[in-house]
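The structures come next, written out as structure tokens.
Shared between the two complexes below is chain A, which pairs with chain B and chain C, respectively.
Up next is the complex of A and B:
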């Protein structure tokens, strides 16, 4: 049982929170966002930006909400004249050396400096005509640029590398207003999780080279999704512009990935925008695959399945990146057969994030192997390939490079057709949506079922695999069949 | 003793008795002068009782804040669960202050004896003496003295380390000092936790100034009542204190007086007042971080914690900086602000940007390019830099600016009106 809750008042709203809660977190519960820069719930408290100064009754001076823990009966005021004027002055100090180059800054539109200056800042500057501090842009690592002129020295990046990644390559160099974020002279910011510093940076000081000048933040549509880069199941946001995925960012989930994703996952999106997609159902006619409509394609599949003798063998070779829904329907479709289902997983190197327990880029580079296994698909891919040779029906789900050979019928559901891939020999090819184009469920390595949502439309006539297979299940009259 | 001067009759010589006496530096010389008797006496006394004696004496921290020393010691956990640490703050960097330097130069064993007594009182296993990087001579002397003391078994099983700073003013701030010892950047930490709960290496720590600890042996041998009787004004300020006087006086140096002593007498009688033909204009009584006093305030000021506050400043570290009528207060204040801008650790926004901006405005005024609104702007910045940051460096930059503008506004206005321009040397 948790301890007794602590009761306090924030801007007149009563809240009850567990002991040890920070005022800044309690305020969120009261619906109050205390402006802040250095504080981040995923990092150790630094208390340096001094933006979250609030009035606390009976305290002799303003206190920082990020480092003050709640006490019973505490009365917190964020909108009093003292707190407001303190915030205004911090903003003024932060802006005196800031270049205000928002029109060419990637962070514009999602910049906390912009937001809070808009909300709280002074009209005009009192700094006068002094030259601003200038330092050239630095190349920190494979995907990270540092623009020191925009830096507000909140030290989130330093603390992330030090405490979370536990590879302390960043520091605060120099002192006073000469200070800047420095990198170890012999190091690069190339830790497998280094890209998080770009998300953590509240201003446009740390930039992703991959996203550099690609889109304005306000043009982006954000869709909740699950990373397909490995079996960890990190929660992500797919950011699209004009129906093109342009960026992947972490979506907080304290149980899976906290506030972070690895660089592998961050870069694992270009394939979602592939242009060489199958856009129409294809059926083999006169020895060639020819485009048709869904009805004819379904008729052809139903014909193949009905034509196969009862009790014969069927093999499903599936991608561990397919949704659990699609995998279940695929199995149901073949429920009249002696069924074998298998998948293969590409393996890579495991890359843990040291400061977070049970968070790593997993060696198993697929999002739904656990989901596939729980549905009865096996990892014995070689045996399934061997069985496919003599099977009556082979169904390949989204695995274009699958080296299948069969004397029976070959059904291929996929997003692309490899140029000389075995799936080109399929009897029927059905175009399906990729992860960004459909809604579905993955089961991560810990057995957590997680939903992902559609970020953009599928090209042409492509449909989610679960829908395609569901239509076939209906047409076969198998809707009641157990999965 | 006003080393390098002879002691003045009005001085109360306790800590400075052997300043200038090189023989007192050695372990042998120190014991010959009665040294280490206090330690022997303290070791026979229960740590709580030692703390009580110091509490009773009224001794307050001589580093600047004036926190009661015995009370600080009593904050250490009663029930000992972890190792206890003692830090000795010998990072004397406050501009205008040079008293700890003299204690270490002439009576290193006084410091070590006080340190050993304090370590006993707080039941510390480990002592770190953090010595300012620029203190080359005191460092050598302390090294030598520590070697002698260890050879004589002064510290018993207590491990004592001398740690040399690298030249940052901010490392004199107690938590920055601890970070520095830990090998981290010398940034002050947010409090709480206070050092007595989680200090050096996260363990319960007491940190005391050199002068504070040097006074402890005297309190042990001569008694709390004696120390308490050393008081010329407010009973909350007891004992003697070294004042480092510099600037426009004829005999600058360290002078030891009983607390409550008139600042006027210190400047005129002991230090000989301003040079011939000059008159007193202003005084910073407690190191560069405290507000400036006018001549009238200076002459009415009594040197104890309450007396200086009464005149609108603070006793601070006891670094008395005297200005005569030749001093350009605008330039002096700019010079102070520039020091803080240089030494800001860059953590807190107000300090990092505010100290530098303040300096720029003051430089602009000195260059004859000030703007009519500059004084209001300086005061507003100072307000925003006060009481809002982790440590008080930012406040320290604001203090002389605010008091300077308030008290010497005419000089600022002369610059703003183009009637005056500094000759930069």
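Up next is the complex of A and C:
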């Protein structure tokens, strides 16, 4: 924090900001949104859209707020007649070629062109007699479509690929009114972080094929969540429609993921909508798993845990995708035993985003490995599997493919149960909610604890794992036990 | 005569029904000579004096383009504006890459016939119709799917008076 702050006035509101701040950012502090297209806080300043023109006292001409730094005593007017008419003209120019196909455009409802034209555009156009430019839709990459007709040439996508992803495959081809976003003829937009250009695009020019025609922006409910794709812990928003997750978008967090998420995380949501979920607690009766209610299932688990001799071995095989709360409760439940806990992490390829320090799709494809480790779970999964063989109680937490074999009692808390899963042999199966259906905490690889929230209801009788384990802890009378 | 009922003596002109009867019959028969107002529904559905207003809002109709496809582009505005929540829409993409409705259903029982769907439609596809005869044998027939909506032939509502669009 610099000790010297610069004082200026924006639309009559006094603000104090550090030196070097841009007028557009200072305006945000004053609660004023200067309309803009090419400016994005996560990208280099380009100053090409000319949309953020504002009046600055004693400046001879209008200035662009995105490339003007603040000076002491500056008086900025964003709503003056000159600035307003300049922005109105920019919008009129943009609409010369922009098709009015909002009804079929996926961006409609969250389109900045739509918003600003509605806010301060002029009624009707004076260029009605000119035919609009037409170029066919282009396939840019695995998940990106380019609709050149809708492009307003803000160049955010070009700058993202060049400066942030540092794989410059996009450019502005041609000039003047023929200009469009071009892709290198031998390249595809298949960078692991390329999906961000869809979010960056202020209009519906760059579209996600995954989300194409799927839902309208105004139908979506957005829930703050944490990406479960890897140990980076990117902040995301789960967009749900009718209780189905349809899209994952980044949620800005300057300390973790800035404004971006990788394509792996962006596509890592389909499993949240799985239909083949366990919907009721199952207990083994006459050698078969049968559905029951929570009370009977809890009684059975308490019976098993009480029946096992004090001081015997217990093993917890947990998923590194479980919340810290659930992991802590599981540990507490087994605190009467000499317990070991372990988890296994799926490894993948690391894919860094070159332009942002300490941001990558991490090789460890699990969100809460650090949290599990800090609670005393180990990575020695093979040893835990071996120990499970002779343990009195084995607790499997949301690890459906876990190849566990035991002579003792097997408790399985999970979302799904395959027809030939080893956990079919469990004595009790308890249905739990997945990450989109519960509230919880993940600890990312840097030790940052981050909360995620419930986006949709859990199916049937499923409950958050932390609640299920907490009920068991209470029933066992272990509420005072150390965590 | 039972116990002492007093009988009033009145003149015959006052006690005769003849005069009143003739007066009533005169009114009755005078109607035979007046113009007919009864309409012989259902043989007769409109007359010179009574027609259904062109602004009538009845069961829906989906307009089609020259190829017979529904004009709807599945923009999702009608299910959004619908106060009765009676429109179900699932968008999809056809072979030419155009957005179109995979499922478009209107539950006419839930519909309150406000006409907002027609007013909001950017493609002038969905309309409320000038139509009121809607009997069916089962309730589920009142959920009109896209095919049925497109097959309707009745005139569509103008929603507002063409000669006075602003309602002044």
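Here, the second predicted complex is superposed on the first by the 481 of 483 C-alpha atoms of A that agree within 3 Å, B and C clash if a C-alpha of one lies under 4 Å from a C-alpha of the other, contacts with A are read in each partner's own complex, and residues count from 1 in each chain.
Here is the rule we go by: a contact is a pair of C-beta atoms (placed from the backbone, for glycine too) under 8 Å apart; a residue touches a chain by one contact, two chains touch by 3 or more.
This structure is a prediction, so every number in the text was calculated from the model and none was measured.
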Room on chain A for both chain B and chain C (clash or fit): fit
Touching partner for A:103 - first (chain B), second (chain C), both, neither: second
Comparison of chain B and chain C by chain A residues contacted: B
Which superposed partner A:137 touches (first chain B, second chain C, both, neither): second
First (chain B), second (chain C), both or neither touched by A:416: neither
Chain B versus chain C as contact partner of A:443, first or second or both or neither: neither
Partner chain in contact with A:283 - chain B first, chain C second, else both or neither: neither
Touched partner set for A:219, first chain B, second chain C, both or neither: second
Where chain B and chain C come nearest after superposition, their Cα distance in Å: 27
Contacting residues of chain B [partner chain A, same complex]: 168, 185, 190, 341-350, 352-357, 360, 371, 373, 377, 381, 384, 387-390
Interface residues, chain C side, partner chain A - complex: 73-77, 80, 91-93, 97-99, 122-123
Partner chain C, residues of chain A touching it in the complex: 102-104, 108, 137, 212-214, 216, 218-219
Touching residues (chain side chain A, partner chain B) in the complex: 45-51, 53, 61-62, 64, 67, 85-86, 89-90, 92-94, 96-97, 126-128, 130, 152-153, 155, 171-172, 174-179
